[in-house]
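Next come two complexes, and both contain chain A; in the first it sits with chain B, in the second with chain C.
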Partner chain A sequence: MRFLIAGLFEGAVFGLLAVGLVLVYKGARVFNFAQGEFGTVAAFTVWALLGAGWPYPAAIVVGLLAAVVTGLIMERLVVRPLLDASRITLLVATVGFALFIIAITVLAAQPEPRSLQPLIGGEDRDILGAAVSPQRMVIALVLIGLAVALAWFFNRTNRGLAVLATSQDALATRAVGISVPGMSRFIWGFAALLGGIAGVLQAPIDIFYPGFMTRTSLVPAFTAAVLGGFTSLPGAFLGGELVGVVHSLGLHVLKDNWNVPGAGELTLFVLLLAVLLARPQGLLGKEA
Partner chain B sequence: MALLEVRDLRTGYGHVPVLHGVSFSVDEGETAVMLGLNGAGKTTCMLAVAGLLRRWGGEVLFDGRPVGKHQDSRAMTRLGVVLVPEGRHVFPGLSVQNNLRLGAWPVRRHPRKVKANTDRVFDVFPLLAERRHQLAGTLSGGEQQMLALGRGLMGSPRLLLIDEASLGLSPVLAQQVFQAARRINSEGVTVLMVEQNAGALSLADRALLMQKGRIAMEGSGADLMSESALRQAYLGAPA
Partner chain C sequence: MADVAARVSLAPAGTGHRLTTSGIVARTVVASLIAGAVLGLPLLTADFWDQAIGLAAIYAIIGLSVNIITGHAGQISLGHQAFVGIGAFVSAFLIGTIPQIGFTGVLMVAGAAGGAMALVLGLVALRIRGLYLALLTLAFGLMAETTLFNWRAFTGGGAGAPAPRPLALQTDQAFAYFCLATVAAVLFLDWRLVKTRAGRAIVSVRNDERVAATLGINVTGYKLLAFVLGGLVAGVAGSLFAHWNQFVQAADFGLEQALVWILMAVVGGLGSRAGVVIGSAFFALFPVLLDTFVASDVGTIRIPFTDVEFLAATLVPLLGALLLLLTITLYPGGIGQQLLPIRRWLAGGPFVEHGHRGTHVVEPGGPAGSPALAEPTVEIPAVGAALEVEGPVEGSSEPTTEIAVVGGVDA
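Now for the complex of A and B:
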């Protein structure tokens, strides 16, 4: 049970990142390999501002703004000029942008591990046998709040509907009077905000360094998104939690008992294969 | 009075010109039908008027006021010029109701207008009311065309541009589409239709024949129907 609980809390950040991936995919049909770097930008900005004596809340706001600005720059300079290119070209471009951001953070902050103080301090709490830090609880609460907000946004608001429309038919979207470039900006800015939130919440869990979100969380987040069906936001949340639980169980069973190297990654890979073979469209894969 | 006036319109794709100086007008309250063969430039003309394709030259006046070259489809829908594109282009993964909601984008901040437009669409196309929760991609071709027309009406258009609505439909369904266009026009919406189906001429207060990027002939629907050589050459009908 304790591994289940630990996995659920661990999976929350994968879910957050996966939602950003799905949002971009729904809006632009692109696999965004730079999604993790929005989190890295936010984490480094918060770290720099805290070092300069800023209060934590203000540093977080500016950190998230930095992530959003990074997303908007990416949309304008990388994505929009390549909108008519093949999806493979665009995918490679997102990889290039991620490497570019990693290089910038190395230049600006040196490739050293750093740490960020948690949003809420205090001892770990015992939840059904699992030791859960207050920081992990904050992540889970943020994930739940965002899940509710996003469900409302896509089901109840005109703008949410317009995001879905943009992904389905650009000509029809323009014909009804919606600005496709405006929607594209919104989608990338919003996805970057989600990536930034994930980075700011994940950084205090352990050490962080240039490219840490891509290194530690992007592959599990992609797995979560694929498990969820890659077009389903609830699926991305669910996929994140599933990935967290399986990762946690895999570490326990394979590593703690038999000292299998790469046990967490191995179990994720097996999980991904099993779901793709049994249900290729993912667990909740369908259009809204 | 002319609601739409197009003067010497020139445009194309990349460096390839398609329209070489198109001029025509459509009066408020009438139905105009533009006919021509494939490649004549009809759809290009509609896209340019709807703000979906940049004009290279010429003028477009709507309600007596010039429309700027940089005014895109957002600006045109706000003015009341709405395009129902060729090939239906419904949002397949969204429900009928959500397709209609998106059609109301230009008036989305006026809930009463959105409600009134929805009621009006369901009145014109009762089938859409029955299928409001069905995904648009699962509708038949004829039903999707009804939805595309209904979505166009949701934006409170003063001028509805309908591009090849009968394309790919059986003669019976094509007639239903034409009847719907007549009904829409009778409710005060000016209609400009692009068609290859000669049956649309029966609706036309004004008929335009486009050839190689220019208006080759203009008159009433009856005038064009009576031009036997023209019927043979452009409409494929017997002389």
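Now for the complex of A and C:
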């Protein structure tokens, strides 16, 4: 039971990242391997500003801004020139961009582990046997809040509907007067914002270092997105929670009982393989 | 990887262009200079550089193995550290437990291990296509890196295991030559491979899976073959790496490493053997070169106006990633594309500078002698004859890698 709870809280971050992945996939039909790096950029910016004596809220705002700017730069310099290239080429380009950002963070902050103070300090609380830190609770709350906000945005606002329309048929969307490049900018900026939020919230959980989001959370987030159906935002949230739970259980069973090295990665690989073979369309992969 | 892999055969121009004696002499001199430089370099240099040359050769083999899977068959593997790593660890394990098997035996078993691992992954994974396969291989590589390579009984856990060299190859120089010979062998096999029925089938699968299937080609079977061959070559490279370093540890086969290997193959130019070899060697030598030039006391560089200092070596991933992005966006054919005029000239054709990309990167769907290729023929008719497009070259919409093939996801 306590692994279930721990997994649910852990899965919140995967869900946050997965939503960004799904958003980009809806808009650009590509898997964005640089999604984790938006988070790293935000986390390092916050860390640097806190070090310079800034108050936490201001640091977070600037950190998220840095993530968004990174997303916009990527959209302009990497994604836009490759709109007509094959999807695999674009995928390799996102990998290259991720490596680029990792290299930049290494240059700017040294490849050493850092730590960030949590948003809210205090003791771990006991929830049904699982020790949950206040930071994890904040993440879960943010996730729930974002889920509601995104559902409203995509179903009730013109801009949200325009994003969905662009992802379905770019030509028809242009025909009714929506700027497709504008939408592309918006999607990448928004995805980067989500990645930034995930990074800022995840960094205080453990130590962080250049590339930490890519290393620890990208594969689970992709698994979550696949599990959710890759085109479904609710699916991404749900997938994140499921991956969190399975990951936590796998860690417990394999590592604590049999001392298998890399139990988390093993669990994720098996889960991803099982999902892709048994149900490649995911759980909620119907809506566009 | 459509446009990246657009390939043009380099058959010597048969018609209309006759070489003069001086032309033949010039070409022979240049060709022997290149061969002499590669073969003679280890003799001229000290131990330190022999080591670097050995590593460059090993990287070239890894690049060629990526080229088989991604360049020839069009399947992407982001988990290449699994194949290279298994070769390295099997090598160290065998040398440690049954030394009488000999170095050649170790190399062969390591190659077989890489091939077997690729076979196992391929059997379950190859029905998954395109972007999803990339994802799965990424997860597989991470799994192999953290689980398999840290398995204590087999790899010595995080501590690693020694991998001594055989007596005949003790010196770095001898080992560098052995690695260069292996590169030559892999190049030869790869050259033969694409000429065979199986090789053509593999390339046709890359170009268009559905067309290949309607021609009676066993698509999954040939993808699997390419995977296994790539894994085999990677396993051999891993074994060489283990003995080059004389020590193996899981940390040498990380995700970043695997991504760099993909990167160097793409920068080299998928589908172009020479390009891949040069690109790989560049990525192996670059850190060494940078370290030496910026050496010792100036090894740390300071960013102007800040307190930030960093090691010169950290520039490597930055420049590597930049090169990749520039390659993909500006010269999708990579170094292979840049080499084309030189190779054409060496093969007996005239020297035609490619100018910008429009002149020789084959446009989507262009058949032989398409408008994309017609441009140079206006001036020099022989070039048109020399350029023979190998199979249909796919363009912007690449059926093999479209997500639409995975049920239900694409709306």
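Here is the rule we use: the second predicted complex is superposed on the first by the 287 of 288 C-alpha atoms of A that agree within 3 Å, B and C clash if a C-alpha of one lies under 4 Å from a C-alpha of the other, contacts with A are read in each partner's own complex, and residues count from 1 in each chain.
Operating definition for what follows: a contact is a pair of C-beta atoms (placed from the backbone, for glycine too) under 8 Å apart; a residue touches a chain by one contact, two chains touch by 3 or more.
Predicted model, so just to flag it, every value in this text is computed and none were measured.
Asks: Will chain C clash with chain B on chain A after the two structures are superposed, or do they fit?
Replies: With chain A as the common anchor, chain B and chain C both fit in the superposed model.
Asks: Kindly classify A:P261 by the partners it touches after superposition: chain B alone (first), chain C alone (second), both, or neither?
Replies: second
Asks: Once chain A of both complexes is superposed, is A:Q168 in touch with chain B (first), chain C (second), both, or neither?
Replies: After superposing on A, A:Q168 lies in contact with both chain B and chain C.
Asks: Going by the contact rule set out at the top, does A:I178 touch chain B (first), chain C (second), both, or neither?
Replies: first
Asks: Just chain B (first), just chain C (second), both, or neither: which does A:P57 touch?
Replies: A:P57 sits against neither chain B nor chain C.
Asks: Of the two partner chains, chain B (first) and chain C (second), which one does A:Q281 touch, if any: first, second, both, or neither?
Replies: second
Asks: Take the Cα centre of chain A as the vertex and report the angle out to the centres of chain B and chain C, nearest 10 degrees.
Replies: In the superposed arrangement it comes to 90 degrees.
Asks: Between chain B and chain C, point out the one touching more chain A residues.
Replies: On the superposition, C touches more of the residues of chain A.
Asks: Look at the superposition and give the distance in whole angstrom between the closest pair of CA atoms, one from chain B and one from chain C.
Replies: 6
Asks: Which chain A residues come up in both lists, the one for chain B and the one for chain C?
Replies: On chain A, the overlap between the chain B and chain C contacts is residues 168, 287-288.
Asks: Considering the complex alone, what residue numbers of chain B touch chain A?
Replies: My answer: residues 50, 52, 72-74, 76-78, 82-85, 89-94, 98, 101-103, 105-106, 108, 135, 151, 155.
Asks: Can you check the complex and tell me which residues of chain A touch chain C?
Replies: 29-31, 77-78, 81-82, 84-89, 91-93, 95-97, 99-100, 102-104, 106-108, 110-111, 168, 211, 214-215, 219, 222-223, 226, 229-231, 260-266, 268-269, 272-273, 276-277, 280-282, 285-288
Asks: Given the complex with chain B, which residues does chain A contribute to the contact?
Replies: 158, 161-162, 164-165, 168-169, 171-179, 287-288
Asks: Chain A touches which residues of chain C in the complex?
Replies: 1-4, 74, 76, 78, 124-125, 127-128, 130-132, 134-136, 138-140, 142-143, 145-148, 150-152, 157, 255-256, 259-260, 262-263, 266, 303, 308, 310, 314-315, 317-318, 320-322, 324-325, 328-329, 332, 394, 396-398, 401-403, 406-409, 411
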